[in-house]
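Heads up, the next two complexes both have chain A, just with different partners, chain B and then chain C.
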Partner chain A sequence: MRFAIPLAAALALGPMTARAERPADFEARFAQEARRADPSFAGFSAARGRTFFTTRQGGDWSCSTCHGDVPTAIGEHAVTGKRIEPLAPAANPERFTKPASVEKWFKRNCNDVVKRACTAQEKGDVLAWLMALPAKETR
Partner chain B sequence: MIRAPWLGIAGIVLACSVSAAESRRAPLPPAYVDECGSCHVAYPGRMLDAASWQAVLAGLDRHFGVDATVDAATLAPLRVHLEQTARTKPTTAADATPLLRITETRWFRGEHDEVPRRLREGPAAVKPADCGACHRHAATGSYAERDIRLPKKETTR
Partner chain C sequence: MNDRVLVWDLPLRIFHWVLAASFAGAFLTAESERLRDVHVLCGYTFAGAIAFRVVWGFAGTRHARFSALRFRPAAILRELQALVRGRPQRHVGHGPIGAVMIPLLLGLGAVVAASGWATYAQAGEWLEELHEGAAVAMLVVVIGHVVGVVATSVLSRENLVVPLLTGRKPRAAGGGIASSRPLVALLLLAALAALWVPGLAARDERLAERRAHVAELGGGGRSHHGD
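So, the complex of A and B:
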């Protein structure tokens, strides 16, 4: 029974520690993907990410339509009015910690905004901008 | 008077159990709230009949204009939940096709016919999908009459 408590703790914490990631982990993965897609990949640009996020990309909506121009603030769904928690990690530590969630929302929202899947370059640019946003900025 | 206490308690218990019909319902499954409660409040199954829910689930890739796809493994139990809790009275259009919008159902329109005009149109209008604007516990699936609070006049959304 001596190992019972450590075992229980490992069982309890195992899935959490295995699954929880940091925004930088996603950025690194997007960089790998971007390099595979384009050997001349030259890194991500927060400025480019901001433009991509705040302007329409062919559809009726931009990312900002629901997430706001500065996503350290609370957003609001354009149709339903539902509150959307801040997207920037500094303002909402739950963001960019779960691969399944990140994958799901990029798939859905890129289809809505860009009418196709986003490239790794686009995702990385947006994430670079989101990670650069300070927590305090709300407008 | 001596026997009053337990009578009183029994009365309170009875009153609560009657008026709390809404809150006695089974809570919404967390997976359902996770998947179907992000962009809008998680609408309880009882708001549409089974045919309507089937039609909604069949079109998640273009769900009211947006991509709301859910992977198959996650969707399966949600489908069961909606089938089990679906409205038993039909929610069909005049041409007998299943309605997709809760706001177009006869029961919804009947329940909301007393909503004041200022909340239906104009600057203070409430988005029809925003149940929580008036139903304070909509997020938990409870729409009890006593939990309704209409937004104040000066509130604009």
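So, the complex of A and C:
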């Protein structure tokens, strides 16, 4: 019986901690991190995000190499040729809803493109651009 | 060397090291999209090794057969106690812990391979999570396996790794096998070559194609859209 209350609490809180988030929640978190890293942080820029996304950052790949120049469209994996669902939330509502997924793919893909972890500023800039993309540019 | 007796046949030894290498290779390439195709090749190798081991569990030589593995909880307990006391028991083939380790590793490996294949076929995100979870679980078991083998080898002063290369154990250990089954070993090596040679050639071709494509575009997906 003495486990009943903690168990009920865990059952009630469990789904809440894993609840789906919105892209704006990620943007807010990146902003927090960016401010912590640099007190003079002055917000995110969609234009800077677009440049970061579509140009190479010293390596032979850019984000666009797989995701396409306008990521409201379907992308293609540069090595396997597999289909990559659109990255922009307007074209694919599943994007930027799961923290574990967002963290995993930023970590993996930043390593592929910039050969290091991306900064919160870079992630926020890219997300600001993705969130500003309208759905109509699909395909 | 004459006082040594053949215990592990050649296909079994090849299987063991191919499984270990493909598992390590898959782990090392797991976090890279550049090496995704190499990861997939490791996965097919790994899956093939597991499938072979299941067949070999019925068609292999004496100590490779599943019928030689008996699940005896009391024997496992005795083995662990003996290991903790620093006096591990010697076995010709697999000991009681190996009898549990083998089905456990093969079962986990089957889940890892199947869920990995399904992930690559883009069958759903939950399969990707299953793939990663099962792979980590298998890594934990593999680490336990390696620690156990090293501990047993040191404590019993009987190197358990060398017989997995030479196939031979000290005669004192008991009954051996007649043939190392070289023909099956040759078939295994041929299957490996048939997978990796065209696999790596296709990778080179894709990379060259990609480079040509990038050169045509004037650089790494750089865009100058005026939208």
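Note that the second predicted complex is superposed on the first by the 120 of 139 C-alpha atoms of A that agree within 3 Å, B and C clash if a C-alpha of one lies under 4 Å from a C-alpha of the other, contacts with A are read in each partner's own complex, and residues count from 1 in each chain.
Simple rule for what comes next: contacts are C-beta pairs under 8 Å (C-beta built on N, C-alpha and C of every residue); 3 or more make two chains touch, one makes a residue touch a chain.
In this text the structure is predicted, and so the values were computed from the model without any measurement.
Per the definitions stated earlier, placing chain B and chain C onto a shared chain A by superposition produces a clash between them.
In the superposed pair of complexes, A:T80 makes contact with chain B and with chain C alike. Looking at the shared chain after the overlay, A:R22 reaches neither chain B nor chain C.
Contact comparison for chain A: of chain B and chain C, C touches the greater number of residues.
In the superposed model, A:T65 lies in contact with chain C only, and not with chain B. Once the two complexes are overlaid on the shared chain, A:R116 sits clear of chain B and of chain C alike. Once chain A of one complex is fitted onto chain A of the other, the partner contacts of A:R108 extend to both chain B and chain C.
Residue contacts after overlaying the shared chain place A:R56 against chain C, while chain B stays out of touching range.
For the contact definition in use here, the residues of chain A common to its chain B contact set and its chain C contact set are 77, 79-82, 107-109, 111-112.
Taken together, the chain A residues at the contact with chain C in this complex read 54-56, 59-66, 68-70, 77-83, 101, 107-109, 111-112, 137.
The residues of chain A lying in touch with chain B in their complex are 77, 79-82, 104, 107-109, 111-112.
Those residues of chain C whose C-beta lies close enough to touch chain A in the complex are 31-37, 40, 120, 122, 125, 203, 206-207, 210-211, 214, 219-223, 225, 227. Those residues of chain B that touch chain A in the complex are listed here as 38-41, 64-69, 71, 126-127, 129-130, 132-133, 157.
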